Structures are given as C-alpha cells and as structure tokens.
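As written, the chains take the letters A, B, C and D, and residue 1 is the first residue of each chain.
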Amino acid sequence: MHLADNALVLGQRNAEWCGHGPVLEEDLALANNSLDLIGQARLLYQHAASLINADPAEALRFAHLQGARQNGLIAEDTLAYFRGTAEFRNHTLMELPHHGPLVGYAVSERDYAVTIARNFLVSALMVLVWDGLRASKDAQLAAIAAKSLKEVRYHLRHASDWLVRFGDGTEESHRRAQAAIDHLLPYCEAFWHPSPAEQAAAADGSGVDVRTLRDHWNALVNDTLTEATLTRHDQPHAGYVAQGHVGVHSEHLGFLLAEMQSLARAHPTAVW
Amino acid sequence: MHLADNALVLGQRNAEWCGHGPVLEEDLALANNSLDLIGQARLLYQHAASLINADPAEALRFAHLQGARQNGLIAEDTLAYFRGTAEFRNHTLMELPHHGPLVGYAVSERDYAVTIARNFLVSALMVLVWDGLRASKDAQLAAIAAKSLKEVRYHLRHASDWLVRFGDGTEESHRRAQAAIDHLLPYCEAFWHPSPAEQAAAADGSGVDVRTLRDHWNALVNDTLTEATLTRHDQPHAGYVAQGHVGVHSEHLGFLLAEMQSLARAHPTAVW
Amino acid sequence: TALQTHFDAVIDADGKIEPRDWMPDGYRKTLVRQISQHAHSEIVGMLPEGNWISRAPSLKRKAILIAKVQDEGGHGLYLYSAAETLGTSRDQMLDALHAGRAKYSSIFNYPTLNWADVGVIGWLVDGAAIMNQIPLCRCSYGPYARAMIRVCKEESFHQRQGYEALLVMMQGTAEQKAMVQDAVNRYWWKCLAMFGPPDADSPNSVQGMRWGIKRISNDDLRQKFIDATVPQAEVLGVTLPDPDLKWNAERGHYDYGPIDWDEFWATVNGHGPMNKERLATRVKAHEQGAWVREAAMAHAAKQQQRQQKEAA
Amino acid sequence: TALQTHFDAVIDADGKIEPRDWMPDGYRKTLVRQISQHAHSEIVGMLPEGNWISRAPSLKRKAILIAKVQDEGGHGLYLYSAAETLGTSRDQMLDALHAGRAKYSSIFNYPTLNWADVGVIGWLVDGAAIMNQIPLCRCSYGPYARAMIRVCKEESFHQRQGYEALLVMMQGTAEQKAMVQDAVNRYWWKCLAMFGPPDADSPNSVQGMRWGIKRISNDDLRQKFIDATVPQAEVLGVTLPDPDLKWNAERGHYDYGPIDWDEFWATVNGHGPMNKERLATRVKAHEQGAWVREAAMAHAAKQQQRQQKEAA
C-alpha cells in the first residue's frame, strides 16, 4: 500500500503540469511519468485488493470502505478513492506541492525545479527499491517490480538530466534548483525509517530493507548533485523525520485527496 | 437560492485570505465580510429549506439530496454541501478566483485588487437588491434584507475606499485595479439578465426586478471609478453573458465546491 | 513559369508537394496558417480535458485521460514540425498564438463543466474533427498529409474511447445520465459550427479546393457528421438538443435546425466564455517556463564550449 | 536611584506600571520580547486553524471558525498595540519575526491534519494558553494586563466552543470519534510542553517573578492544566496518550509521564514539521501585500497634498 500510495500521489502531482509545462516536450514527459506511476499504482492496488479480499482479518480492517466495490469486494478504486487522508501511507515528500515550503492552504506559482528535484530524489530511491523487489518472494510484486524498474530508470534519467541543466545552467536555474534540493532533501530522511509494515515485508521476504539501500542512494544522489554543481546541506541530519508513510502527513495531502476523490465520492455507487 | 449561493460562494472566496492578507487589518476585514456573507447564506438556506420542506413538489425536486438532513428534512447544510455544481445558482462572478483570467486548474498568486474590485462590484449591486427586498411580500426575506443591507453598506464602503486607494495610489496599484475591473466588469452583465426564478420572484412580489436597478448601479460604479481615476471599458457590451445564475458556471466553481464539500460529503450522515 | 506548371501538374495528378519543391506563396501561407492553427488547437485543446485529470472518477479513466491529453500534445508537436518544413519556426508560430494573431479551434473556448464533458469531447468534438481531418490525409502537401494520417488514427481511437465512456455512464445512476445529457446539450451546436460557415459564406474554400488542401465543403462535412452521429446518439440514449432534427427520406439525410452563427462569430472574435482564460493560461505557461528553456540553452552552450576546449 | 525605588515600590505594592512611567531597560526588553512573541503567536496561530475554514463540515462550524480566527487576528492587533506603548513599532516586530529573530509559540509548528484538530486546538491549546495567560491579567505592566483581560475572556469562549465541537463529534460516527482521538494523540504532549521547560531548567523565570511579569512557575501551571483536563477528557470519552497518567491521592494531583524535551527543543530551534512553512507563509503574505500598503500610503499622501492645496 505504501508503494501504491507513493505512485498514485506523485502521479497525481506530476499530472498537474499537463497543459502548463515550460515547454511542450516537458508536458509530454511529465504526462508520461504520471501515466507510468498511475499504472504502477493500479497494479499495486489490484494486488493489495486481492490480498485483502482473500484474508478475512484484512477484509474486516477495510470493511468501512464501501465505495467503488466490485461484487461487494474491495477494488483498486475503493483503495484509491475512499480511504481518508490518515489512511494513506505515501511518503510526505510525494504530496508536497510544486513550490517551496508553505502551509496547506497557501497558493503559489508552480516551480519546475521543485518538480524535477523531487522526481530525481524519488526516482533514485525507486530504481533501487524496484531492483530489490524483483527478488520478492511475492511473485506478483516481483513482476510489477520488473516492469516498474524499466520505467523508473527512464524517470531517473529524465530528472537527472534536467537537474544538471538547472544546476549548471543560468544563475536563476541554479538558485531554484539549489532551493528545491534544500527544501526537499530533509523529507528523504523518512526513506530510512521504514514503517512497521515495510519492516514486516522486509522480514518475510516480500519487501526489501530500505536501510540497506541508503549508501547506494547517497552515491547516486551525490554524483548527480556534483555534476549539477549543487550542494548538499543536509548532513548530518538534525530534526523532524517526516511521517507520511505511517499516516501522519503534511497539510497538503488533505487538499490533494479532496480534489482527487471529489467526483468518485459524490457518486460512491457509480461505475465509470 | 440564487441569493444564498451568491453569499456562500463569495463568502468562501473571501475567507481564503484569512491568514494571508496584505496587512493584518485586511485579514480581519475580509474575515468579517465573509462572516456576514455566510451568515446571510445560512438565513437564506434555512428559509429556502423551510419552503422546500413545506411544498411536496419542491421536496420531490430536492429528494436526491440525502446528506445532512435533519429528521429526514432538508436543512441548510443539505443545500450548501450536497448539491452539485450545476445545481448552484450563484453569479459566475462570485466563483472566480482572486486572480486574472485563467482556466480552472491553473494556479496563480492571489491579487488583492481582484478581491477588492469584485467586492466593490457585487456590493454596489447588493446594496440595491437588499434595499428593494426590504419591501418583499415574503416577510422572512424582508427581514433578512433589512439585516443584510446594513452589512453590505459597510462592505461597499470598505471596497470603494480601497478601490480609490488603488486607482489613485501607485502606478502598480492603478495598473492592478484597472486590470481587475477590466477582467470582472463583463461578468456583471449577467446581473441584468435575470434567471426565470428571479423573474418569477419579481413578478410575484417576493423578489425585485434587478433590471430596474441598472441605472442606479451604473451611477454608483461610475462615481467610484471616476474618483479612483479608473476607466470603464465595457460599454457598449458585446459578447458572452455569464450564466452561473442559471446553473452554467465557469470551470472554477467545481474546484471550489470539491474543496468546500469534501469533508461533509465524506461523512454524509454525520452531525457536526 | 515552369515551376508553377510543374506544381499545377503535381496537384492535378493528386501527387504530393514536398518541402524542397517549389510552391506558390499563397499555398505556403495558407498551409502555414492552417497547420499552425491546427497545432495550436491541439495545444489549447489540452486544457479543457486537462481540467478533469485531477478529478477523474477512477484510476482507469484517469490513465486514459492523461494518455489522451498527452496524445494531443504529441499531435501538436508533429504538426508544428510539419509547419516548420514550410520555413516558419515553432517560436514564430507560438508568438503569433500568444499575441492573438493566430487562431485555434473555437470549440475550446467553452468550459468543461462536468466529467461527461470529457466523454462528449471525445465523441462529438473529436468526431467532428476527424470528419474535417480525414480529407486532409489526402492533402497535397506531403508532410501535412502524413502527419494527418497519424493524427486521424489516434483521434479515431479517442473518439471510440469517449463514446465508450459515455455508454458506461448511460448505464449508471440517474446523476450520471444527467451529466451526459447536460454535456451533449452544451456541446452539440458548438460541434456543428466546427465545420465552419455555410458554403455560401465560405470564401477561402474555393482556392483551398483548387490546391488540394480542402477536399469536401463545410456543409457536406457537417451533413456527414450529423448523419453519422444521430444513430450513435440513439444507441447511447441521449437526446440531441434540436427539435428540427429528423430523417428526410427524400434527401437521404437528416434535416437539422438553424445554427446560431452570431454566437459562433462572437466566440471566434474573442467574446466566448473562455477566450481570455485559454489564451492567458498558455501565455502564462510559456512565460513562466522561460527560465527552464533558458537554463537548457545555457547548459547546452556550456557543454559545447567544454567539448570544444577538450577537442582543442 | 529615585526612579528605580519608585518602580520597585509599585511592583512590590502590586501596582501597575504605565507607558509613561520610568522602567528598567531589562523590564522593558523582557516585556517587548514577551508581548511581541505573544502577538506573533496569535498571527501565526491563525494559519493552522485557517487551514480548515474552506473545508469546515457545516456552515455553522465554518462561521464559528472564521470568527475565531478573526479574534486571534484581533488579539494580535491589540498585543502589537500594547507592545508599541513600550516604544517598538509593529514594523520592527514584524521584521524580527520574518527574519527569524523573534519567536512564536512552538505549538503552531505542527500541522492540522483533520477537522478535529480545530476542536482540539480550542480545547487543549487554547486551554493551555489560558492557564499561561490568566496570571498575566495581573501582570505589572498596565497595557499588557488590560490586553490580557480581553484576550483571556475571548480565549475562554474559544475553549468552550472547541470542547463543545468535540463533544458533538464524540456522539457521532466511528470515523468522527477516531478523528478526535487522533487529534488528541498528536496534540496532548505538545500542549504539556507549552508551559515551558521544568522549573529547574527555566532561567528566565526568577527575574520574571520578581518583576511581576511571571506569577506562577511552569511546572505548577502544567500540573494545574493536567488536573483540569483529565476529567474533561473522561467526559469527552477520549484517552489521553500517557500510560503513566493517574491520580495521586497523596499529592492531590495527577501524575504524568516524562515529556520529550528533545523533540520540544528541536522544534523550538527550527526543526519541527512546519517551522519553515509557517514562517515562509507569513513572509510571503507580507511581501505580496507590499504593493497594497504602498498604495494606501501613496493615496494618503496625495490626499494630504490636495487638502493642503485647498487650505492654502
């Protein structure tokens, strides 16, 4: 569910650029990224739904979700559209808007540097996570991982290329990229504090222990930041560790879900 | 319902400034404005609900609204939180965001000049409408009008004062105020094209014929614009007449309602 | 001249003019105007549907919609490329759009107000566009004709998807059906107007026909669209909002009521409900993206310099 | 000196110091720091609750919430005025806030994540604030004491409103109850920390007591708050998230578990979940409002000029 929520929430964010991108090619690239992520989310929710439906205890835990069921059973849209904010398990990083730090109901222009910096930081993680999950003892998850790995490699390439262009581009693009990295890096600390669910998955061989990926992630990130002439200010880490992946989010997710779920929730029994 | 929706939607918009105003006193003034409008909306919805509940044909027309009912009857929150976008009857002008012309899912910084210009144009109308409605043969509505008239006189004063400050202030404030007036004035044309419901109310003596107010409104608006050294470019009117008051809105209302109704709709049977 | 004669011969033989071939100035200008207008329509046309991506009511529909809007952007890209073969750059074309000199399809100056609008745009708007565009696949200018073959293929797919989405909604709740009917009511007449003014009032058409750019008249295309759509509406179970619409056995076509050309021209001339909003949104995206484009150019220049240094 | 002697005598007699009275520099500085910090807390404190205005689940609750946030702004206004009587302008205080030199209550560095947070802020956060503020109504500095009397009165009203909203929710659906419990779980410990570090670690307190600015110690206030709140929680039906919380008949007070002071200090020192967001939002509002304030000044100057001309 953590992986699915990550994919869905970031996919929803990246799709916001559709029609507003800085250049037509980037509208298409972001739409493509978003399509990949929503595709991943669908496969993961479908898989999660089948696991829930097959396990009476789990089915009971999700019994309060009544919308978009299929033949009375939990379906992908039940999980995506009818869970509340605190039931989402995505990293806080995914839900942040495309601008610098502001409260939940502030408005601000979108900043493409924030978009690119996040896609870079997330893709660097997911390349490693999906790579590891190809060996998951959950065959379904392993298959999703194999497919997703190809996609996220491309996302990482795209984001890295732009981050280097920004860092090593104009004064303004450098300033924006550095500010975006400074803003977002602290949220990455949460990657290395796996939730109980992530730890259980790692322990039973269906998941990966993300903590083992940290050095590799650091190397990936540092290499590109160096090429981009950007500086990493977050070491040693001191401060709050974001807790979206255990259900304690930022003020932003509530607004994102209110919009995303509005139509589906207005018609809970409808088939689309 | 038209009056109630006008008040609610504009009240919702003006409350967006709460905590983000250009100076603390304006945070308070806008909050106050919003409180007045939401108070008006509540009285009007309560009155509408009692009329609907008392009339079997009307009750049937609203039978599909099941949320927030009280003892099975339509309540103020049923009307505010459970009608769809196309069921709202507010003027399009009320739902526009606090910035210049952009599509529904664009984002932009808020512009206080747009806020002030709209409050000015709307208050100039409502001062006349409430004044006329004090003579409504619907005693309840006449009482609401008497109370609302006092409030909107203050709103008009506040907005006029600021519009003059903007128009006759700095180069930037003049430019912003002129752009705001240019953007919003065409939406005012809809004032003079009353909906069938407005026409029926005027005919049976419960409403006013807004068309009789046009000259007075023009005079009010022109006086202040002149004092503000702003120009009115909209004469003669040519083009599209906004149709929010007959249920055909802009792309903005859907987003406003999705957010406003999100929590109430997620818990349709809850009491708050 | 010999060049003109050769050109005329190619046109008469239904052959293809290619970028390096000689062509009359008027032909070139007409094509640039038409292709860029078409490209702009694709780009501006991303906005009405993009408006519903964030609120799509299921993940499947969200994915389909993103893919569709992405396709429209893709059409924009290769139409701009086709126009560039005529010697006008994408920047020049965008400048013309942003300055209000170039037009885009007026249908996009209406708002998308409920989810069914997305399906109706697929079914009716794309449907009308395809009617207009299929003849262009045989257009005399090679790059345009080839681009249109690809565009038409994808648009047909979109049109079927839109119709399918509406079919599902019409089998759903009363509210869903009402959404579809509401969307059809708002879009039907606008779609008929998409074919352009009646033949009698359409001055550009004759030369366009001569040059093999335009192949079928506005009124003929409109009739063809109506004849194809009415049975689809019946299957769907929606009412087309025209009391005069009925089968005329004598003509072998459907008769239809008068189109409000005043409203059409008002919108074309900038007074529609969303002309300002659509254009301002495109201008804003372009302006706010300037630093991104500049960064890419600055970085490329630095890279080149470094490579030259290494080479030296 | 005679001035100091007079000042000490007023303090010792529990009298009031007024703006025109002589006062020691330290007293003035301490007061400006404390009052401006309090004013900033009101202004920043508008944001967490303001976050829910647009989504309030009923019109009644929406109106109550707007009125409450408006009151907080009002408190900010008269606290800034009280501080201005000490010779520091509102602009100077705002500059200090925006530059990060002045603090505001650290409790506002946590997000509001569900609607019950609004009620819990009223019940617990305002409740704790009132405990802190009631003694200030007897503060030795007149304008501050008088401002606090009004603030406390309104805060008590807010506290009752918050508690009442939670009572309604606790009689509602399972989801509503879960929201309340979730909000209490997130806010309980942060509220206990609002009374400041344990007395043993609180260096500013002694001088504050001497000056009649502080009247009751941190630990005593905290205990008072806990003793008052536990029965309210029982009536409400929520569990306070402290396994060590139990009545100690011997002390006549509730015992409670250890507070995480590391987390408290990390947040105070800028590393809470929303420090950057809160401050940046205030700074942005101020910066983007600059043209409005400038317009008002420019217009006032023009008006004055015109009046002078008329008078001349």
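Just so it is clear, a contact is a pair of C-beta atoms (placed from the backbone, for glycine too) under 8 Å apart; a residue touches a chain by one contact, two chains touch by 3 or more.
Chain by chain, the UniProt names read as follows: A, B = Phenylacetate-CoA oxygenase subunit PaaI.
Worth saying up front: this structure is predicted, and the values here are computed from it rather than measured.
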Weigh B-D against A-D on C-beta contact pairs and write down the one with more. B-D
Going by average Cα coordinates, which chain is farthest removed from chain C? D
Would you kindly tell me how far, in whole Å, the mean C-alpha position of chain D lies from that of chain A? 36
When the centre of a chain is set as the mean of its C-alpha atoms, what distance in Å lies between chain A and chain B? 39
Rounded to the nearest Å, the gap separating the Cα centres of chain C and chain D is 58
Got the chain D residues that touch at least 2 other chains? 47, 50, 53-55, 175, 281, 284
So chain A residues touching two or more other chains come to 16, 19-20, 84, 103, 105-106, 108-110, 258-259, 262-263
Line, ring, star, complete or other: which describes how these chains touch one another? other
All touching chain pairs, where touch follows the definition stated at the start: A-B, A-C, A-D, B-C, B-D
Using the touch definition up top, name the residues of chain A that touch chain B in the complex. 16, 19-20, 84, 103, 105-110, 255, 257-259, 261-263, 265-266
Chain C contacts chain B in the complex at 47-48, 50-51, 53-55, 111-114, 174-175, 182, 186, 266-267, 270-274, 276-278, 280-281, 284
Within their complex, state which residues of chain A touch chain C. 8, 12, 15-16, 18-28, 31-32, 34-35, 38-39, 41-42, 45, 68, 76-77, 80-81, 109-110, 112, 164-166, 168-170, 172-173, 176, 259-260, 262-264, 267, 269-272
In the complex, chain A touches chain D at residues 64, 84-86, 100-106, 108, 183, 238-240, 242, 248-251, 254, 258
Given the complex with chain B, which residues does chain D contribute to the contact? 43, 46-47, 50, 53-63, 66-67, 69-70, 73-74, 76-77, 80, 115, 165, 168-169, 171-173, 175-176, 281, 284-285, 288-296, 298-300, 302
